[in-house]
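Structures for review follow.
In the two complexes below, chain A is the common chain; its partner is chain B in one and chain C in the other.
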Partner chain A sequence: MLVKPENLRGAANICSDGGRRPLAAMFGADETQRGGGLAIYCLFYNAQKRDLDVLKADYPSARPRNYPSLTPLLPAAAWYERELHDMFGFIPEGHPDLRPLVLHESFPEGFHPLRKEVAVDCQCHGHREYEMMTSSGEGLFEVPVGPIHAGIIEPGHFRFSQAGEAMLQLDAKLFFTHRGLEKALEGKTPLEAMTIIERICGACSVANTLSFCQAVEKLSEAKVPYRAWLIRTLALEMERLYNHVGDTGNICAGVGFSPVISMGARMKEYLQQLNELIAGNRFLRGLIIPGGVTMDVEEKQLEEILNVLKEVEGVYADMVHIMWEQANFVNRIRTTGIVRESTAFDLAMVGVGARASGMARDSRKDMGFGIYDEFDFDVVTETTGDVEARIKVRVGEVRESLKIVRQVISKLRRNAEVELAVDLGQLRTLEGSWGISESPRGDNIHWLMLDAEGRIDRSFIRSASYPNWPALTVAVQGDIIPDFPLINKSFELCYACIDR
Partner chain B sequence: MLKLLEAIFAGKCATENIDNTGHPHMRGQLQCNGACNGCGACAAACPVKALSIVAGKPSIDYKKCIFCGKCVEACAAKALSHSNKEVLAEILVESQAEVCEAVTAKLGRSLHVRHVDAGSCNACDFEMGATSNPVYDLHRYGIAFVASPRHADMIMVTGVVTRNLEQALHMTYAAMPEPRLVMACGACAAGGATYGSTYAIVGKVSDVVPVDIAVPGCPPRPSAMIVALCAAADMLKEKI
Partner chain C sequence: MMSFQNDLQSLVLCLAQALLLLLLAPMITGIVKKVKALLQNRIGSSIFQEYYDIKKWWGKPTMVTPYTSALFKMAPCVYFVTTLVAACMLPNFFGGRADFGDVFVFVYIMALGRFFMAVSSMDAATAFGGMGGSREVYIAAFVEPVIMLAVLSNVLHTGSTSLSGMALRFDTVNLTVAGVLTCIAFFLAMLAENSRIPVDNPDTHLELTMIHECMTLEYSGRLLALIHWASQLKLLMFLLLFSMLYLPLNLPVVLKVLLSAVAVGVVETLNNKMRLFKVRVYLAAAGLMLLLAVVAQ
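Let's look at the complex of A and B:
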């Protein structure tokens, strides 16, 4: 649907249908080089049609770039609109918090890197303000943390406003690892883009690659071979397994529960060694390409995968048993870091975070991408929305993933296809396209538009962590600050994925 | 409780020896055999310009290499291939084998390391975390990760340095006591060419602070990191 900017809010209201079709993404595009102006795109999940509804507001280039903000109506739009403000200079009128998001203090005001007139390697220095949100009052104090943390984790700055031990308010300053990847992708062919796409995020490498490849494949008539889809499904589930198993152990690091941390880390290591067995890389890089996959998985490898998974399944079961047996551990995780279903709904959360708060959203079922309709598996949900619920969802998903991997392997054994990739031929240009896949953290969406020569004109990457980060700041309110690491780890969100 | 005790006592020792070869599939060191005709297709295919043709043969800058395999694909003569051996840290190229042995033999030294993510994709960070897992057990070499640069002998930097993290890297470096070492870990930190140059990227780590040791890999495997860390511990000993 195409609307005028002043009508965007009304149209978005209709498209979201009272939240039944949640906002999936919102981003800008500079289409001046191909005769257009600036544009804002909104994507909405449409589970009924198993599709994304696209809403576009078009600006003739001369007009001022303001429009009525969607945030007062759809809270999920808050970050997207701050990003639109930073990257293109759009002004969402009535937005409650239009501070910078992506571009920190060293960038000048009025610098909008995703506009086409800005060169990709433009080194533009200046200064802009970035004020943290804090509370003030008698006896209140602030605790600043990061961006360089005490552990081996990604950079982010957290500012806690404390009333004694209780966290009153948390403001997160993220996007420290912003590398300008969307701009770096522009002008590259989809094949040239692959090395960057695989390196947006280490822990979601397969999901990012698979979403991007599907967006490319939609612009072609060619059909990806069935065997390639089996191998892709195997890779995506392996990614979920090593993340979930490692994360389950790592959550326990939030309370110093050492034996379980070690068990989780050991299982994760064995799973990453399997990744190397499959793809020659411990993060499964170099396997998935537009049109299919680059390498086959042979019988000997399948055998070893099954053996290792059997061992991992056993130790994981023990590990979970040990966790639930410890009353003092359960005491720490129960009713800690609650996200209510209505909050999850308003923020259009995805993945483990959404499912732990009672929203049965999983793009493997809802969108049925690839060949997921063929497999027997359940979407695991919990209702309490606390740390315990998020652990339980992961435990359930490890079980379901193992179920899927075993089905994939038995199908691979019966499938004698030799073709692993298809030539996509001439791709359709000047046409918006998207791809979706379910990463360990929720659905990952890539938007792609090619210019007349078949090079990338606009690529937008919405990782699963993007809609879930704002929920963390809600979840911690009222809990004590020693519980922050625990709550943070229970979401286990990526920084690199959202920072891009 | 019983299950916990059972797991602790019944669990066999998981720690393994450090091995710098991987599964047969692994994309490690590049080898070029006699079939090479110096056509340069490999250099043209390299997305990070790590490859160049010197005297009719490909020469590889492993600091930039992301081990993606594009050069191997592009080689029509089938002269180039990946072996499953890791490329080890830059200062070690002469004496890889000895260091590996020396690593296990030497005791009585220590290295305290602070991690700084200067703009990585998290893969290097994950592998750094893995060096402490029971399989690699980094602590057996007297090397430990510490919480503050004030307690650190070395900072281990991952990722290309982004504009948003340049100041944090400077300040972390300035906060360290002398003598101090800097390790650039992975292709982004060591070579800085992974994503090309953009408005948000400053460059490789050595463009911002002096680097003592560079670890190739995208990401380096935990075993390659451990070899590099042990070498750094020896370097520190010399400095003191």
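Let's look at the complex of A and C:
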């Protein structure tokens, strides 16, 4: 649907259909080089049609760039609009919080890097204000944490407003290591882009690659071979397994529960070694390409996968048993860091975070990408929205993933295809295309538009952590500050995924 | 003249004992760490690692922020010296007089050291330091009565308020209800007093959950070495007290100390850190056990 900018909010209201079709992503595009102007795209999940609805607002000229903000209507748009404001200079009128999101103090005013007139290697220096959200009053104080942390993790600055040990408010300043990947991708061919796409994030490398490849494949008539889809599904579930198993153990690091931390780390290592056996590296990179996959998985490898998974399944069951047996541990995680269903709904959360709050959203079912319809698995949900629920969802998903992997392997054994990839031929240009896949943290969406020569004109990456980060700041309210590491780990949000 | 010589001799023996404990303390902490590592399927660092760490800190420059007062530099020294003085008062295993080392003086000399640490944690005016200090004092307020009750129970049992006197009159296999309850309760209080799981986590890097480590965040170099060394000495002292006055086993003290060090490691591995505000329930349980023990006598 194409609308005028001033009608964007009204159109978004219709598209979202009272929240039944949640906002999936919102981003800008500079189409001036091919005769257009600036554009804002909004994507909405449409589970009925198993599709994303695309809403586009077109600006015929470069100015003015204001439009009525969607945030008062759809709180999920808040971060997207701040990013539009930073990267393109759009002005969403009526946005409650238009502080910079991506471009911190050291960037000059009026610098909008995703505009085409800005060169990819430009240097800029500046100084502007960046105010953290604070609070004042008798007995209130602030605790600044980061951006450099004591552990080996990525940078993020958290500002807690405290009343004693209780957290009143949390403001997160992220995007410290924004890499400008979307800009760097412009001008590359889809194949050249693969190196970058696979390295957006370590934890969801397969999901990002798969989403991007699907976006490319939609621009071609060619059909990806069935065996390639089996291997892709195997890779996606292996990625989910090693993440969920490792994350379950890692959550326990928030409360210093060491036996479970060690067990989780040990199993994650087994699974990553299995990844190395499949793809030659621990992150399953270099396996998926537009049109199919690069490597076959042979009978000997399948045997090894089944053996290791059987062992991991046993140890994981022990580990979960130890966790639920420990009353002191259950006491820490129950009712800690609650995200209510209404909050998850408003913020259009995805993945584990959404499912723990009672929303049965899973792009493997809702969007039915690839061949997921062929497999028997359930979407695991919990209703309490606390740390315990998020652990339980992960535990359930490990079980379902194992189920899927075994089904994939039995299908692979019966499938005798030799062709692993298809030549995509000439890709359609100047046409928007998207791909989606379910990473361990939720769905990753990639948007792709090729210019007339078949090079990337605009690539937009929305990883699952993007819509879930704001939920963290809601989840902590009312809990005490020593519980923050635990709550934070239960979401297991990714910095690299948003610093794209 | 005789009595003066006796006093002098006792004093020298006490000092010798404190220095010996000081030398051994890092190894005991190393042993606890090793036990934990082995239980977590890790090889872990050598039991002498703590000595290397102290040596490392000793050779590093000591950074002090210009926003602090003289108290900031003074506090680690006071903490170290008070702990060392307390170590002098432990029952003397070289022999010596039984009326030396009053238990009330012992407990409150340690409290003096903690007071200085808590005050200095707020000196640099960082958010973490203040949080650590307030939490430490919050827990200390609950630990102190528990320790005093444990002492009282022992005073009733042995009829002496000096630590040496208690140790001399302590029949090693005190398997009465009171004896066992006191033993368990003192162990719980010992974990809390020495910033161990389930009350505090000595190994964590998570600034927001730390208690004791929070207070040391601003310290570096020799001051940091002093704090860590004193904390290690404190752990050894509590293990010694636990072994000599509470643990109802008929074994040499050295073995009992090693055994209780292993027990600390095992308990730390089996448990996770509890909610901060649950600590008072934990300590109240220890306190109740001690009340029962006192009543049972």
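In this section, the second predicted complex is superposed on the first by the 499 of 500 C-alpha atoms of A that agree within 3 Å, B and C clash if a C-alpha of one lies under 4 Å from a C-alpha of the other, contacts with A are read in each partner's own complex, and residues count from 1 in each chain.
One rule holds in what follows: a contact is a pair of C-beta atoms (placed from the backbone, for glycine too) under 8 Å apart; a residue touches a chain by one contact, two chains touch by 3 or more.
What you see is a predicted model, and the numbers here were worked out from it, not measured in a lab.
S.K.: On chain A, do chain B and chain C fit together or clash when superposed?
M.R.: Here chain B and chain C can both sit on chain A without a clash.
S.K.: Between chain B and chain C, whom does A:R266 touch in the aligned arrangement: first, second, both, or neither?
M.R.: Both partners.
S.K.: With the two complexes superposed on chain A, say which partner A:N468 touches: chain B (first), chain C (second), both, or neither.
M.R.: In the superposed model, A:N468 contacts neither chain B nor chain C.
S.K.: To the nearest 10 degrees, what angle do the lines from the C-alpha centre of chain A to those of chain B and chain C enclose?
M.R.: 60
S.K.: Figure out whether A:S433 sits in contact with chain B (first) or chain C (second), or with both, or with neither.
M.R.: neither
S.K.: After the superposition on A, what does A:A150 contact: first (chain B), second (chain C), both or neither?
M.R.: Both: A:A150 reaches chain B and chain C.
S.K.: In the overlay, answer first, second, both or neither for which of chain B and chain C A:I196 touches.
M.R.: first
S.K.: Who does A:Q326 touch here: chain B (first), chain C (second), both, or neither?
M.R.: both
S.K.: Between chain B and chain C, which one contacts more residues of chain A in the superposed model?
M.R.: Per-residue touch count on chain A favours B.
S.K.: After the superposition, pull out the minimum Cα separation from chain B to chain C in whole angstrom, please.
M.R.: Between chain B and chain C, the minimum C-alpha distance equals 5 Å.
S.K.: Please report the chain A residues shared by its interface with chain B and its interface with chain C.
M.R.: On chain A, the overlap between the chain B and chain C contacts is residues 150-151, 259, 262, 266, 326.
S.K.: Spell out the part of chain A that touches chain C in their complex, as residue ranges.
M.R.: Listed in rising order, the residues of chain A that touch chain C are 141-145, 149-151, 165, 252, 254-259, 261-262, 266, 326, 328-329, 331-332, 480-485.
S.K.: Which residues, counting only chain B, touch chain A once they are in their complex?
M.R.: 1, 3-4, 7-8, 14, 22-23, 25-27, 47-48, 66-70, 82, 114-117, 119-130, 132-136, 145, 147-149, 159-160, 162-168, 172, 194-201, 218-219, 221
S.K.: Which of the residues in chain A come into contact with chain B in the complex?
M.R.: Per the touch definition, chain A meets chain B at residues 103-104, 106-107, 113, 118-124, 147-148, 150-155, 175-181, 183-184, 192, 195-196, 198-203, 205, 259, 262-263, 265-266, 268-269, 272-273, 276-283, 285-286, 295, 318-319, 321-322, 325-326, 494-496.
S.K.: Considering the complex alone, what residue numbers of chain C touch chain A?
M.R.: Its residues touching chain A are 36, 39-42, 127-128, 130-131, 197-198, 201, 203-209, 268-278.
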